[in-house]
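These are the structures, in structure tokens.
The two complexes that follow have subunit A in common; it is paired with subunit B in the first and with subunit C in the second.
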Partner chain A sequence: MLRITGGKVFDPANGIDGQVKDICISDGRIVSEFDGGRTIDATGMIVFPGGVDIHTHVAGAALNFARGLTPENQRAAAPFLHSPERRAGIGGPTPTTFATGYLYAGMGYTTVMEAAVPVLSAKHTHEELRDTPIVDKACLLLMANNEIVLDLLESGEIERAKQVVGWLIWAAKTYGIKAVNPGGVAAWKWGEDAKQLFEPVHGYNTLTPANIISGLAGIVDDLGLPHPVHLHCNNLGAPGNVDTTIETMKVLEGRRAHMAHLQFHAYGGDDWHTMRSEAPRLAAYFNSQPNLTADAGAILFGDAVTITADGPWQHLLYQLTGRKWGNIDVENETGCGIVPYTYKGSNLVNAVQWAVGLELLLLIDDPWRLHLTTDHPNGACFWRYPEIIHLLMNADYRKECIKKLPPKALKRITLMDLDREYSLYEIAIITSAGPARAMGMPRKGHLGVGADADITIYNQNPDGVMMFRYPRYVIKGGTVVVEEGDILHRDEGHEFVVRPVFDPKIEDFLRPLFQQVYTMSFDNYPVEAERVHGMQVSELPGTPRQPQSNP
Partner chain B sequence: MITLTLKDQPNVPLEAENLCPDVTASLTNDQVRALPVYLGKRKCRADDFFAIEGEASDELTIRGDAARVKWIGRGMTRGRITIEGNAGMHLGAHMKGGAIEVTGNASDWAGAEMAGGFIRIHGNAGGQIGAAYRGSMSGMKDGTILIGGSAGLELGMRMKRGIIAVKGLVRDFAGLQMKGGTIFLLGGAEIRTGAWMVRGTIVTLSPIKLLPTFSSACTYNPTFLRLYAKHLATLGISLPCEPQRGTYQRYTGDTSVPGKGEILQWQPHGS
Partner chain C sequence: MTCTLGEVKNRADFIIYWGGNPAECHPRHFTKYTIMQKGKFVPNRKARTMVLVDIRETPSAKASDIFLQITPGKDFEVITTLRALVKGQRVNLDLVAETGLTIEQLQDLVDRMKKARFGVLFFGMGLSMTRGKHMNSAAVLALAAEMNAFTKFVAMPMRGHGNVTGADVVLRYTTGYPFGINMCRGYPRFNPGEFSTVDLLVRGDNDAALILGADPGATMPQPGIDHLARIPTIVLDPKVTHTSRLSRVHITTAATGISAPGTVYRMDEIPLPLRPPLKSPYPSDEEVIRRIHQAVAKRPGWRPTLNGKAMR
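Up next, the complex of A and B:
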């Protein structure tokens, strides 16, 4: 029961561009009219729908491994001290669970997608998300190196693969599927990688990464999942990988897909010495493919921790840096690598990467199809998004930053020629409305009647960093969670889960396979619904109303 | 000068990073007495444990067996701390300037990740002196640590710059993963000295057991050691470097990393 009056509202999903408008909230939703309750006077302030992060890594076995691997970051990070309003935690590049919730909410973000969950560690992930307060959460299931699924794709049993994927999504209580370096992580278990889209994956006779991509994209469409296949292309980070990225887009043949952290897939050149930006070429092709969405995966200079299921890439990065390396093998499902990394403005490769992220954000015309991310914690920490927003909104500031790059880098990039400046309306699209739409969440990312009352109110400030880092108010589900510069732990957040349609008989196929190849018993494998805190199940078309059994 | 006399040994370690010249420099006696120290998770006052005299000074004298008082002089940038007795763990960790002198023994992590300043321990020291904390890229970045007695494991682990000199015996892994700086082992060391060292110099005056990944380079009398000898002489340490007395055998390694560090082993003539 809350009314926000006098604020300039930016609600792109409903076409509202800075009009002064009252917003009424009742029972956690936005309503058309309401009398009584508290009124927030937002005169002169900017009202946004709460931020939506479509690709981040905030919970689970891999992130926890990263936290343990980098005690030096934890020591240097700002602590959240225990208080009557908050649990204790530590910030930094890989914040602890409670701190993650506070930092997101403190920045005005209210929904986040944990982008990489293997079924085997889904329980761990949900337990951590339960301790990630305030924000709403959803998970993507790692699928492009799951050996049961790959075997079915190789033998052409697409229908059965679809049943298995549907079963796994519900078993892990996730929201969609993620494909990381399709085939490459399976090959990594042989010490190999999958660099060529049309060559068989090591360990398989005919299955190629292209088969996996098109197979999974088809399965996602057939299952009717709200979010398309979330694709981390092959050859991440490698010079010259733009060809692979564009080939991958072609392989999709018009099917829906979300291209994750596009910045890491837009490089030209033959090696580290000749690496250059191919953002213009990639952006031009992307602009012509209306079936695709993407997130930026921009980098910022400073300390980061790279965490990805892309095991072979992480091994290469470890060899390049000579720093720490963690490698996890997740049985038949995937792998994971962790390498702390420092992006340096003086480093030619890092300078190109920095520019590529911004170039993509400036060259892709449709803000609805490109979302702001840093692939946290890979490119930069999520709490640094305001720095990117400021770079996008202020071309003069951007040019000042370009001047600090090594002169050699300027020949490899085109950023200095780009004068586009984002408007507040466009910022609201790339931080909230666009990602909510791409995630298929009709109640997120907008301020129309019926939407979840997730609202961020900023003091208008020409300094975008200050403005977006310190919102005046943040409202989550109708509850004020940031007020007077203080974050209040008043909301636990929900988890969004989809329940695809699948034939329960698929368990008869899976059970014997499990007994044969998994270390875990089949009955202990699925995540029980009770374990998922505040679970909100999206029923898909054709889903039985009364679930017959909880796999 | 402020004098703190330990009244009773705390039963568990006392965390006392406020016993630092930067903190006490402008405080009245009452304020110094009220400085917070932590006994486990309990917040206490400094005068619960110390009898405190003097005020507003960046010279501290701590009397008594403070072996359970941790973090003395943490991050100090100036002034002087004299400990007449023993000191607990993390003495002078992260310090940037000033001087600390301990008449007794010091525990582990003394001078860890220090960036400048001077620590002299007359007795024995614990492990990880001048080292990097777990996970950090580098240990001490500058400054000097002198130890009159022996030292424990991982002396100067990942140190990047500065000088550590130990008169007594040093335990295993001296200069582990060292990245720069100089360690003087005046009383020799146990095993695995210089393991994983990338750069830097370890000088030993008595023969030590070398790792197989160090290879003999030459025998010589390096000029730079004469400068060090002059400098160390002012600190009361004599380093032989005259060609008429002997030579240094130079070993390079650790080739398993591979690294370009060096171990210089003194060989007196006629030995």
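Up next, the complex of A and C:
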């Protein structure tokens, strides 16, 4: 029971571009009219739908391994003091669970998608998300290196593979599927990688990464999942990988897909010395493919921790940097690697990476299809998003920053020629409305009647960093959770889970196979529903979906 | 660089146990995960080679193909020599002689490690808790990491003591650190050697203790045990233990996994649900802690107030 009056509302999903408009809230949802309750006078302020992060790593065994690997980061990070309203915690590149919730909410973000969950440790991921307060959550299940699924794809049993994927999504209580370096992580179990889309994966006779990508994209469409296959392409981070990325887009043949952290997949050149930006080429191709969405995966200079299921890449990064390396291979399913990393403005490769992220954001025309992320904590910490927003909204500031890059880098990038500046309307699209639509969450990312009352109110400020880092109010599910930079209320948030239609008889196929190759009992494998805090299940009708059309 | 135990079962053709005695301390390890298992890519026992490195010939040596007996306290030197040999660097033969092994034995081990398709090194407390301590663990992890330039190689600590891995995991995601955490300033601080339990007890820094799922009265150094007996110590345990005998309060709880549900983390950090077959008249640990917490929450806070409101 809340009314927000006098604010300039930016609600792109409903075409509202800065009009002054009242917003009424009742029972956690936005309603057309309501009397009584508290009124927030937002005169002169900017009203956004709560932020939605489509790709982040905030919970799970890999992230927790990273926390253990980098106590020096925790020591240097901002502490969160215990108080009657707040739990204690630590910020930094791999914040603790409670701090993660406070940091996201404190920045005006109210929904986040944890982008990499193995089935085997999904119970643990849900335990961490239970302790991540305020924000709503969803998880993506790692699937492109699951050996049971790969074996079925190799033998052409697509229908059975579909049943298995449906069963696994529900077993792990997740929202969709993620494909990381398809085939490459399975090959990494033998110390190999999959660099060629059309060559068989190590250990398989005919199965190629391309088969896996198209197979999974088809399965996702057949199951009717709200979010398309979330694709981390092969050859992440490698010079010259733009060809792989464009080939991958062609392999999809018009099927829906979400291309994760596109910045890491847009490089030209033959080696680290000749690496250059291929963002213009990638953006041009992407612009012509309406079936695709993507997130930026931009980097910022400073300390980061790289965490990815892409094991072979992390081994290379360890050899390149000589820093700590953590690796966990998960039986039959996936792997993960962790390497702390510092992006330096004086480093040619890092300078190119910094520019590529911004170039993609500026060159891809349709803001509905490109979402703001840093692949937290890989490219930069999520709480640095306001720095990227400022770079996007202010071309003069951007050009000042470009001047600080090494002169050699300027020949490898085109960022200095780009004059586009994002409007507040477009920022609302890339931080909230766009990702909510790509995630298939109709009650998120907008302020129309019936939407969840997740609202962020900013003081207008020409300094984008100040404006977006410190919202004046954040409202989550109709409750004011942040007021003048202070967390006022702990609200646990929900987890969104989909339940695809699958034939329960698939368990008869899985059970004997499972007992053979796993080391736990089949009955202990699925996540119990009680373990998922505030679970909201979408039942799927099982009808194929058409590619989303965007305005 | 580690993996889940299923990877070992399905792939490992070269298994090293270092400073541990799995035959007696982890009796199901051989049969469930390593040498006795038929794996997806390893058909039988013959396809696996097992090496045991220890300071004495334990019953585990019988199960091994190669047993390397090293001089006590020389683990770090052996690992460092192996790291040098892996990279083809020169080693000082006088120093090798002190380890109790010959250069031929070590070179043979390195050759076998490099020839393996998938190697795994399990290290126990005989490595991590003897002279060198965490330096030994760091060296062994570095060895496994560097082996990946040649073949697939992973390492894993052989953890025990009930759900110690679970405690480690939960502390990491709630505080950022695995153990040795001090919350006195209202946020987590980490300093092993200063804030770890044994150091606090031996110095006598703490003025109360709540002991859950552990029996420090049986394992701590005597000054630490004496301190526990001096201060109000509360123990939650299903049975009478050394610690419960010296405590002021012993709350009998249901045994987790037998008569109380819960989650246990395996040594490879995979959570497993516990389904109790029996009922217990006693409350679970969780319920006792929750009730203590509720009672404490009702007490007025220590926090300074301003105009009747807690200061932020």
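Just so we're on the same page, the second predicted complex is superposed on the first by the 540 of 551 C-alpha atoms of A that agree within 3 Å, B and C clash if a C-alpha of one lies under 4 Å from a C-alpha of the other, contacts with A are read in each partner's own complex, and residues count from 1 in each chain.
The rule is short, and it goes like this: contacts are C-beta pairs under 8 Å (C-beta built on N, C-alpha and C of every residue); 3 or more make two chains touch, one makes a residue touch a chain.
Since this is a predicted model, take the numbers as computed values, not measurements.
With both structures placed on the common chain, the touch criterion links A:404 to neither subunit B nor subunit C. Of the two partner chains, neither subunit B nor subunit C is touched by A:250. Of the two partner chains placed by the overlay, subunit B and subunit C both lie in contact with A:75. Shared-chain residue A:420: touches no atom of subunit B or subunit C. In the superposition on chain A, contact of A:38 is made with neither subunit B nor subunit C. Touched residues of subunit A, counted separately for subunit B and subunit C, are more numerous for C.
After overlaying the two complexes on the shared chain, residue contacts for A:84 are found with subunit C alone; subunit B is out of touch.
Comparing which residues of subunit A touch subunit B with which touch subunit C, the overlap comprises 71, 75. Residues of subunit C touching subunit A in their complex: 1-7, 9-11, 32-33, 40, 117-118, 145, 148-149, 151-152, 154, 168-170, 172-178, 183, 185-188, 190, 263, 265, 269-273, 301, 303, 310, 312. Listing the residues of subunit A that touch subunit C in their complex gives 59, 61, 64-65, 67-68, 71, 74-75, 77, 79-84, 87-90, 92, 94-98, 120-121, 123-124, 127-128, 131, 189-191, 315, 318-319, 325-332, 335, 486, 516-520, 524, 528. Listed in rising order, the residues of subunit B touching subunit A in the complex are 133-137. If you check the complex, the residues on subunit A that touch subunit B are 69-73, 75, 323.
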